[in-house]
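Only one structure is covered here, and it is reproduced in the block below.
Chain lettering (A, B, C and D) follows the sequence in which the chains are written, and residue indices restart at 1 in each chain.
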Amino acid sequence: MLAEFSIIPIGIGESMGDQIAKVVKIVDESGLPYKANPMGTVVEGNWDDVMPIIKKCHQEVIKSSPRVITSVSIDDRPGKPNRIVEKIRSVEKRLGKEVKK
Amino acid sequence: MLAEFSIIPIGIGESMGDQIAKVVKIVDESGLPYKANPMGTVVEGNWDDVMPIIKKCHQEVIKSSPRVITSVSIDDRPGKPNRIVEKIRSVEKRLGKEVKK
Amino acid sequence: MLAEFSIIPIGIGESMGDQIAKVVKIVDESGLPYKANPMGTVVEGNWDDVMPIIKKCHQEVIKSSPRVITSVSIDDRPGKPNRIVEKIRSVEKRLGKEVKK
Amino acid sequence: MLAEFSIIPIGIGESMGDQIAKVVKIVDESGLPYKANPMGTVVEGNWDDVMPIIKKCHQEVIKSSPRVITSVSIDDRPGKPNRIVEKIRSVEKRLGKEVKK
């Protein structure tokens, strides 16, 4: 499955770059395929691979914030591998051109 | 923490009432505090209480659908109990009137 | 269409009850059918009824916050009226019992 | 503001590549800065630039689907330009390395 998630620390001011960097570092070191974008991070794997990583990120951010809002969107289509690359590629094939990413 | 989730079966037609009923039944039988609304279900509990229920719901729906899109929003504010009732109550106190719910 | 939205002020501390109260007040006074829940507010109407209300709420909150994160989920199924009541009712009919809401 | 959105056609089968291609084409031709990712598309602009594009995409997809579920997440931080590039760049600066994107 693909899962995009974002973690928003509340109560530490308007800047959250330090917390987002910690989250991306955890994902990068997890070994899961991932892609960071300006609004969240997409990872690919089974529920039991992906959810513990998101939990770890959430718990890392809540160490330094009194409140944390975490969003997760899952797109699960069993039997389709490498969708983290193939979904955009299939759009580009249909459009006959590269898209911005 | 509070978690709102929705589970969307894809590839079984435009109606998903049977699947939503199965999801609400699982939540109702879980014993977790919950509130169903027209766009999702809010549950309250720790990460390790809430996430296995959402996983169970997701897996129930994927039995009968080739693709499932699940969204989860978590609001985690440690030390604040019974927020499933108190959040709306505090809004009503501020407004000096009941709101529709 | 049904639209659930939530508006999160960032940079004003961990409590956001005052801002949520302002949002629910705007929705309540809009005349649109709505239901507030612990994680957001569901409204029903056309795109051009609903989106200006959400914009008004977002702009109200950004007056007093340096950063605002707003989420909107839309479920649009033309030709089905009063879904803000009927979606849950159809779940209850299937389950043969009332659910918590 | 940054806005990430995704549009899910319901009732046309499990594949939605044709619809996603139409959405990305509309965004690409709009002239707004954007980045497509495997779970949605991020655009940058004012509310009144961004929302009509998302409405146009939603309406395009609903032409060919009996039901459409659209999600929008907005991160609005006035006075910070070019965040579609700068948010990830600031994470990379903190980590001292490039991240996958």
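Definition applied: a contact is a pair of C-beta atoms (placed from the backbone, for glycine too) under 8 Å apart; a residue touches a chain by one contact, two chains touch by 3 or more.
As the structure is a computational prediction, the values presented were derived from the model and not from experiment.
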Label of the chain whose CA centroid is most distant from the centroid of chain A | C
Return the chain pair with more inter-chain C-beta contacts, choosing between A-B and B-D.
-> A-B
Distance from the mean Cα position of chain C to that of chain B, given in whole angstrom = 15
Just give me the whole-number Å value for how far the CA centre of chain A lies from that of chain B.
-> 21
Per the C-alpha means, the centres of chain B and chain D lie apart by a whole-Å value of 25
Two or more other chains are touched by the chain C residues 10, 14, 66-67, 69, 71, 73, 75, 77
Touch-based graph of the chains, sorted into line, ring, star, complete or other | complete
So in the complex, which bits of chain D are touching chain A?
-> 2, 4, 6, 14, 17-18, 20-21, 24-25, 28, 34-40, 42, 71, 73, 75, 77, 83-85, 87-88, 90-91, 94-95, 99-101
Quick one: which bits of chain B touch chain A in the complex? Just the residue numbers, please.
-> 10, 47, 51, 55, 58, 62, 66-78
Chain A-touching residues of chain C, taken from the complex the two chains share | 8, 10-11, 13-14, 16, 65-67, 69, 71
